[in-house]
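For reference, chains read A, B and C in written order, and residue numbers begin at 1 within each chain.
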Amino acid sequence: MKQKSTLKKITGSREFLLAVILILLFAIITAISPSFLKPKSLMDMLKNNAVTMVMALGMLCVMLVGGIDISIMSTLALSGMSIGMLLKYGQITSTILAFVIALAIGLACGFLVGLVISRASVPPIIATMGFMYVFRALGYLVSNNGEWAGAAALGSFKNFATSSVLGINAVVWVIILCYVVFFFFMKWTRTGRKIYAVGSNPSAAEVSGINVKNIKLMVYMIMGVLAGLGGALQVSVYASAMPDMQQGGEMDVIAACVIGGVSMSGGRGTVLGALLGSLILATIAKALPLVGIGALWQNTIKGVLILVVVMVNVILQRIADRNALKGREM
Amino acid sequence: MAGKSGRSINNVPENPVKRMIFSWEGIMVLLFVLVNIFCAWYSEFYNLKSVLRQMPVYLAEIFLMLPMAYILVLGEIDISVGSIVCLSATISCLVSNTGLPFILVILISLLVGTACGAVNGFILTRFQELPPMIVTLATQIIFRGIAEIVLGEGGSVSLVNSEGFKAIGGKVGRIPYILFLVLILAIVAALILGKSTFGRRVYAIGTNRLTAYYSGIHVQKIRMLIYTLMGTFCGLCALFMVSSSYGANTTTGNGFEMDAIAMAVFGGISSTGGKGNLAGGIISAFIIVCLRVGLGQQNLHPQVILLILGLLLICAVALPNVVGEIKKALKVKKNA
Amino acid sequence: MSEYVLELKGITKIFPGVKALNNVQFQLKPGEVHALMGENGAGKSTFIKVITGVHKAEEGEMFLNGQKVDFKGPKDAQAAGIAAVYQHPTSYPHLTVAENIFMGHEIIVHKMIQWKKMNEEANKLLGQLNADFDATAEMGTLSVAQQQMVEIAKALSTNAKIVILDEPTAALTKRESEELYRIVDHLREEGVSIIFISHRFEDMYRLASRVTVFRDSQYIGTYNVDEITNADLIKAMVGREIKDLFPKPEVQLGEEMLRVEGLSRVGYFKNVSFDVHAGEIIGLTGLVGAGRTEVVESICGITTPDEGKVYLEGQEIHIKQPSDAMKKGIILLPEDRQKEGLIMSWGLGRNVTLPTISQYAKKGFNNEPKERELAKQLLEEVDTKAVDIFQPASSLSGGNQQKVVVAKALSQEMKVVIMDEPTKGVDVGAKAEIYAIMGDLAKKGYAIVLISSEMPEILGMSDRIVVMCNGRKTGELNKEEATQERILELAMEKGQTSKEAGRL
């Protein structure tokens, strides 16, 4: 009896549905183009989407408390550009130091954003819109008015993205590490659950002694750190740093979360969902050329997918509500 | 007829002049003057003539700010407008290149925009559960995606025959047509929002949607109309974009939604709905235009201008909140 | 050791512009159930929040077991063994029951939350309370009564020695309240001291041994429950004696105005029929959740019914949305003034004229002088206690807010006025004024539908009474034949005894 209900819970969950969709996608693509399932091809797919996948975790936290952050790609550009220039002009050579600096810059940016949102109660969309301009411009200033840091200038740093440990690419390791850490953080630690609590019912959280403002500050700082990490990964994977990198990419991150079932009004969403959402997006991007649809169609299909996912969700909810009502005896 | 107690309730409003001076719009006017003084000090080329010559490039975005203000007052947001501009601009360029009469090009551009806006409105009114942010995020990707498909591999289109577009970029004396159009539409939009029954209903919906519905207001009809009009204005903006760049590409209109929202919010229109008015929005739009012209004259990079605008935006929204918090704290202290 | 587990002295709490508590005191004996009563706005909820550390009092002292304590926040109060179950369940709808119970004091080993252990513990607590749901259920899917049970389990899980229940029965049906009483008895037997806030005398008589009364932010007195009479208690609460609350004047009934036939909406109500004549007040009553509000919402186009017909003055009408209803002359004054009736941040004048602005607009533009004139006239007609028409609706008391809602209905020519719980959360003085307005309206020939849960109000004001139970109309009574017992009988579910259904 109990087992049955557990099974039902799993099959009824959103993550299960997404996993089925993902497996179906894999099956269809492999049938059309068998080369897709090769480890190298999968590894490349993950590597090229590392930035979105990692930052989807931060966006998950932000959206869980009912916020949104559209400044992330500017933070990414600022931190990526900063280490790019430091490497280019030989200020630093160590890869680890470069990562630390990128993370620190991201953290600082996230702290600023979080401060303005949690303490001055500026609506998240407005605050992050302002910071989107500010950080992007700072990244531009850091780049000496538009210089690039090309592959040659990056020295050993770019090798990070090509090195592998135990046969798995270092960038993929970073993704795995992030997801494992967040899976535990969100599910098994008190702080992780506080994020859910604040998103689910802020006033109740306040009453039960959770410092809502600090939690809000924290999620934007998490987002900032991950954006900083994204900056380092971006520079490493593409072996170049330029001030306009990933412009507009924040929409991909938000899209990954939305497809993964993260609610925009807060409280609902899981690490697994964010993973599946970003994997589905990545798979589609990879698959379209394979199945003969031009890359030009990619955005339209992505947009339609988001729309379909959210609309189907509403329709299913309406059907469920109606059935629940019909079940009421009178 | 007075009540049983014969109590009389005052219905004489406060002096409107006094009210205006101490409002956000009052501050905005002051800021407008200060910004102009600053620009004149900063750039020796800054004068009426040069401003009139250089402003048309920036004016087109004000078209987007007007309906965006309505959407913000509704307590909603539309981040697909930049993409609608892109799609409208693309299609109007392509249509113009086939040699169709220019009046048809104008109509088609407006029509494309209107259709896109109607799609937004349709989805949002049929699926009221969905936050506008999500829906317009999806349509943002879709509309630009369609433009990408239409534009094909090259990703851009140039005007073959630019006469018509040149004509709408023209001037009366020194004053460009677009300035007239912007001012007329701005005044009409401000009057409708501030003084008409329609505007009052928009505020009612933005402040308390349920009460508005219970009071017999056609909430969904109004939302549909506003989102559709937002699209129409995108089509208008697209025409002027093409008239200044003689072509369109996949990045046309990139970030316009943010600029439009920033202008409105900077002008005191709250993104949470029900607050602010278009007078503030229009003044703030012109402050931003003047800043861009003035700073641009000294070859300050556009990114630096954006930096300044971003900081202004954050401060404009954060400051009143911070001041309010401090006032509240002081008041509690005083009572105790 | 003090004789009280909890004692508060001279508590004063100030909010911007108002003194929410003025030098109040309170004593709680170990193992007693102590009722805290008072009208809305008397300061009960604020007082509770002071005890639980949510608010910090400007003045006063608090003693726990004779020791002076100073709570910096809700956590301190929790640590000291004080738990509160608030009026509106303060739960996390997206999280599981177990998480809701253990929020803030999760079972942690090596900094890891022990889900399995927590679920087991939660199920044990729920078992004690005879709950019929599992700890892994999502909170949002539970009924209000079930959620309240979770809140109580939460209080138990902290091993609280003092449990505060803030109007726990407000949203419960009779049977669910009965279950709650049982749980409270159980807690008391375990040695827990309980502060019980309620509006209902029934709750107090059933549970409490002592009662403390607040009025207008002040402490009035503490009484033994078996030594104070109902009338004295009311007097303590309202500060005056109440008489002649219900002046429904004798009115010659006119033509039939509204007739509803076989109205049904899946899941809410089925086959409901009734009619109202001009000058008549129809009372629509039943237990909370019987489908009364849903019926009138369907009549007014807030929702659409699945079946059934609505006639106005003998003509069948089809209403798709509220504006249709208003055009035809039917208006609903909704139950929730703050969410559905008024725009709280707007001035009174604009609120009043909201439904009708277009009627006197000139070419689509507002005629503000005329609007102000009309607003003044209507607000004075319903005798609103207001200084000017520009003050925000939120600055008024509940009763005066209700008057503004009525004024809104008067701004246009109406035939049928439907009032949903017009006196909910309104203090006694203002109640009488609202009844007077209703009487006036009836005299002027309006047909009125009055939805109410308050028995005296229904009996006093209605010409006829329609009783609903579980989505169906179970009976219709004339003024002459209606008695409290008859109504109760009709409002009860089958199988309930009349004693159980005492709550209307």
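Going forward, contacts are C-beta pairs under 8 Å (C-beta built on N, C-alpha and C of every residue); 3 or more make two chains touch, one makes a residue touch a chain.
This structure is a prediction, so every number in the text was calculated from the model and none was measured.
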Joint neighbours of chain C and chain A, given as chain labels: B
Furthest chain, CA centroid comparison against chain B: C
Between chain B and chain C, centroid-to-centroid distance (C-alpha), Å: 43
Centroid spacing, where centroids are CA-atom means, of chain A and chain B in whole angstrom: 30
Sequence positions of chain A contacting 2 or more other chains: none
Chain A to chain B touching residues, read off their complex: 68, 116, 120-123, 125-127, 129-134, 136-138, 140-141, 145, 243, 247-248, 251, 254-255, 258, 264-265, 296-304, 306-307, 310-311, 314, 317
Contacting residues of chain B [partner chain A, same complex]: 77, 123, 127, 129-131, 133-135, 137-146, 148-149, 152-153, 254, 258, 261-262, 265, 270-272, 301, 303-304, 306-307, 309-311, 313-314, 317-319, 321-322
Parts of chain C lying in touch with chain B, wherever the complex brings them together: 14-17, 19, 58, 302, 321-323, 325-327, 332, 334, 339-346, 348-350, 354-355, 357-358, 361, 364-366, 372-373, 375-377, 379-390, 408, 436
Chain C-facing residues of chain B, complex: 1-5, 7-14, 191-192, 195-198, 200-201, 204, 207-208, 210-218, 274, 328, 331-332, 335-336
Complex contacts: residues of chain A adjacent to chain C: 9, 184, 187-190, 193, 196-197, 199-201, 203-210, 267-268, 322, 324-328, 330
